[in-house]
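Take a look at the structures below.
After this come two complexes, each holding chain A, first together with chain B and then together with chain C.
Moving on, here comes the complex of A and B:
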């Protein structure tokens, strides 16, 4: 153990574990990282010291249970800098789809054999709803390049670049065909933050919005365009209420069309 | 200039061979992913034969066109811009040494590139890009190297799209200058002219007959019809004073409510040249790569200067784009920044139409 190196922790909350793979899949960069920092807690990779004091704590997952709430407060106490990784930690995740659904208690009773063991908070919420977050990295999942670039900048003591550019900008730089203009697909690219490298449009598919709202996201106008393209209110709502359903303005536009569907 | 000649379809392979023989790599239009792209091309059969457009604001698809034509379309999302000014390119890298650091310039590459199917709108845009990148106080070495090796085979536009308005800006549909070779497509071949010694040298290798007066008249007639078929137009070629007098017009807010600030218009605009410079440092701090990439005045970064965002909302950003393109461009380049290609209209996901916005602002 080298005590002079900055100390890092990677914590998991309500999530699929996929964002932690940004570290595990980093390959050779992990060797470089091991010379630049000391990983003291990262259960998925074998280090288990959740309460250890660290310089940077990476947090995956949303706050979904009373136990999560206690843990995130302890993580915040233990870390000088707290960085959320991924849609769950940054926006509440896919599981935030249950937020505001009145029947969710009934669903628990229907789904689980012993529902008395299930203790959930009324809503799945992002880390920033409960503690101060220093940097939010969007994505479902985040990429190795994104996480290591931010980590590298933090280790050098500079503010990480965290672009909010829409996917369209990356699509055009990459020379991908616009699936909205050429195929009338309901692409979320114009309002979604890039980071994936415009992955879906590269394969002729509409963007799902995995990286959450872009800077200046005009969701009302895009939803209106979807309507002109023939999508009904429910289909429009589903485009916005998906992986980052709890992030404004996706949540606002999604709920607006959900209400229209109910009317 | 030598008289116009006639290039029958059967002689197209010879044109390709002459270009290759003269050391040129060839880029040409192809139908790919439901649009026209300019990409490396090996033979005339790879051209988009029998392809045309269905196009309107926010909509562009390929449809069947005349089988014996390969230029029965107006333009794709890009043409020359990414070939001369790539979307992302490394400029230099820095390596840390024991006693400091070493900067290595990425030297420009000098290649000969022939581009087939360049439109009059693209040539007008090229002239502007040349002024920006070459004719200022500091010529851009990367752009200059690519520009030097470029051979342009223009094709006069006989099939403008519904979104085109080059006749109104005065930039098309006929290529009048800045080309090496210009073709006008007919049913059996092309009326062909050279516009430079390099173009003439290529054509001289093909031993073509002079074009007949009938062939020349047919070509001219197609171009007259192409100009007459355009329905869109800008209110004037010089909107400088009228737009700058309307900076508080309520239309800016109206368009901002529709605008996605996604940057598609600036990415497809052949005269937009804005870029940002980025630094990517390695995790261990031993190496850093400095690049430039296309930027857009619709983005957060573009208007952010030293602690202040100069254009906080989409209203200010759209106004910046339109007033630069159509108004202050006159101060900078002595002409409008719009060449009437209509790309910003077709490739805007919500179909915002620059001609409609300009007209509404003048009301």
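Moving on, here comes the complex of A and C:
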């Protein structure tokens, strides 16, 4: 191995492994990556040195067990730059749907015959809830382009551009018919961060928010629009409380309508 | 022979779905304890599904696995359509098979090249493997990308596709996209043939074992999206009867449930499918299989990698056939009307049988969900295999070799990548 190359690590916490595929699905770029950086930890691909000092650590997955909490602190200690990849690491992930749910311990008991063997923190939380994060890449999943372009910038010492503009902007640029206006579908595009390529509208369906909240997202206004379109409070809540249910302002708007539903 | 007593601990297994480890204790030359620990944090998906609309299910269950989201979407849509009374027509059945071909190609190629092959050729990862065999690894990456391209055609993206809905696909692919993908796959087909031949030349260990193979079957074709549940011990049941024959139990050392058939471990995945459905292979794949010199059904579990390569070839051939016959549809999906009921879905994920059961209320909300993934079905089999294989390998071998062999055995099952099996760190305790 060339010792002068920058060292990188890829760590996994609670997740589906889909964001690590940004590396493993990169094809030829996966092979050339090894000429630009030395991979020292990436268990899914065959490197296991979780405590090795690195220049950049990529982190997939949310923190949901006491053991994860110890591990993420060690990752932070070992890395000069820590980058979260994906909705789990950046916002707690889909599994954050258990946060604030009174009966989540009963859920464990429903699924596992011996719940006493299951070690779990009360909430699934993003990496930034526990340690300082230098760059957050949103997406469920993140794309190869997104991750490799951020890595390329970091290797050159440039701060990566991390656009916070909504799907709507990209959707308009792509020339798709607006599914919200023309089909009255409850599209999350106006409040969701872009990066997917406005895929759902291209398929004639409403965006479901998998890249998390855009910058300055006016969720209250969009929720109000959904209400005028005839959605009930529970349906509105579910639009916001899905892939990134723990990310504000999705969480606030979602909970507001959930409470309305209970009243 | 010295009768040593020691422990082999693999605290983090890589290249499987989720996080896992292996604890092995050898006392006086005998295995006294062997536990494949899966400690992937529980994510409670079955509970999150409760109360959600049936229309949200395909997007939600995809998130269970980034490597095989298509499988989760296909089992779920089948089960839900079963409740709504929707029957997929010929166009939709063909497109779903095409979609599944994409996932088999992507997942199988990734497993063969990035996860399993380094074991058999003495490397610890695919990048190092590529240093010596660049053409082999590049071929693998190209095939993997071809699988991803098929998924993108129908799903928009290969991880957590957005194109799927209950009742069909949100949109039909354009004929121009189909034409360019078809051309690409036709160019790559010879590479899939070469891959099969190459896997058959790998120095695979001898692993003759007595096990029951379970897969979908009696489908009139090599099974992906439909069929009955059949086994090498004569089982032949409707998918709705799965719970009568198979039971899951929770063992203390695992967050994955162990599944047994009538109290016994069993095998799911490429080798089980090949063993049970060999006669349904299309001619070109069948010829390649014969040329490998391996006769299926095979009792050598290490033939899984060859079965995987054959399935990749089958999926390429099938994808080409389906794309050649492609005609766009004005109605890529059927609309369902919610109603109360219970429905079942079973399809063949790259790693094996993936069984779903859902109950809906009259508004279309999920009342309950049960999902039995392939890795939980293979878990008991993997433990049984490890006992047999390590004894056969020789418990008197150096610990590093034992560890490497144990890892190779585990990885051979391709326990879904987020499940972890690679780094066996030895902690030796002489008792």
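By our rule, the second predicted complex is superposed on the first by the 263 of 263 C-alpha atoms of A that agree within 3 Å, B and C clash if a C-alpha of one lies under 4 Å from a C-alpha of the other, contacts with A are read in each partner's own complex, and residues count from 1 in each chain.
Simple rule for what comes next: a contact is a pair of C-beta atoms (placed from the backbone, for glycine too) under 8 Å apart; a residue touches a chain by one contact, two chains touch by 3 or more.
From a predicted model like this one, the values you see are computed outputs, not experimental measurements.
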Looking at the overlay on chain A, is there a clash between chain B and chain C, or do the two fit?
fit
For A:12 in the superposed arrangement: first (chain B), second (chain C), both or neither?
second
So, does A:174 touch the first partner chain B, the second partner chain C, both, or neither?
first
With chain A's C-alpha centre as vertex, what's the angle to chain B and chain C, nearest 10 degrees?
110
Have a look at where A:208 lands relative to chain B and chain C in the superposition and call it first, second, both or neither.
second
Counting touched residues of chain A, say whether chain B or chain C comes out ahead.
C
Quick one: is A:132 in contact with chain B, with chain C, with both, or with neither? Answer first, second, both or neither.
neither
Between chain B and chain C, what minimal C-alpha to C-alpha distance in angstrom results from the superposition?
11
Residues of chain A contacting chain B in one complex and chain C in the other
204
Please give the residue numbers of chain A that touch chain C in the complex, ascending.
12-21, 24-25, 27-28, 30-31, 34, 39, 43-48, 50, 64-65, 67-68, 93-95, 97-98, 104, 107-108, 110-114, 117-118, 120, 124, 140-141, 143, 196, 199-200, 202-205, 208, 210, 235, 238, 242-243
Footprint of chain A on chain B - complex, ascending
32-35, 37, 58-61, 77-78, 82, 87-88, 257-264, 267-268, 278, 280-285, 293-294, 296, 298-301, 313-314, 317, 346-347, 349-351
Chain A touches which residues of chain C in the complex?
12, 14-15, 17, 19, 39-48, 52-53, 56, 59-60, 63-67, 69, 106, 110, 114-115, 118, 124-127, 130, 134, 137-138, 141-142, 144-145, 148, 156-160, 162-163, 165, 170-171, 249-250, 252-253, 255, 257, 416-418, 420, 422-423
Taking the touch rule as given, give the residues of chain A at its contact with chain B in the complex, in rising order.
29, 32-33, 35-36, 148-149, 151-153, 155-156, 161, 163-166, 168-169, 172-178, 180-184, 187, 189-191, 204, 214-216, 218, 220-222, 224-225
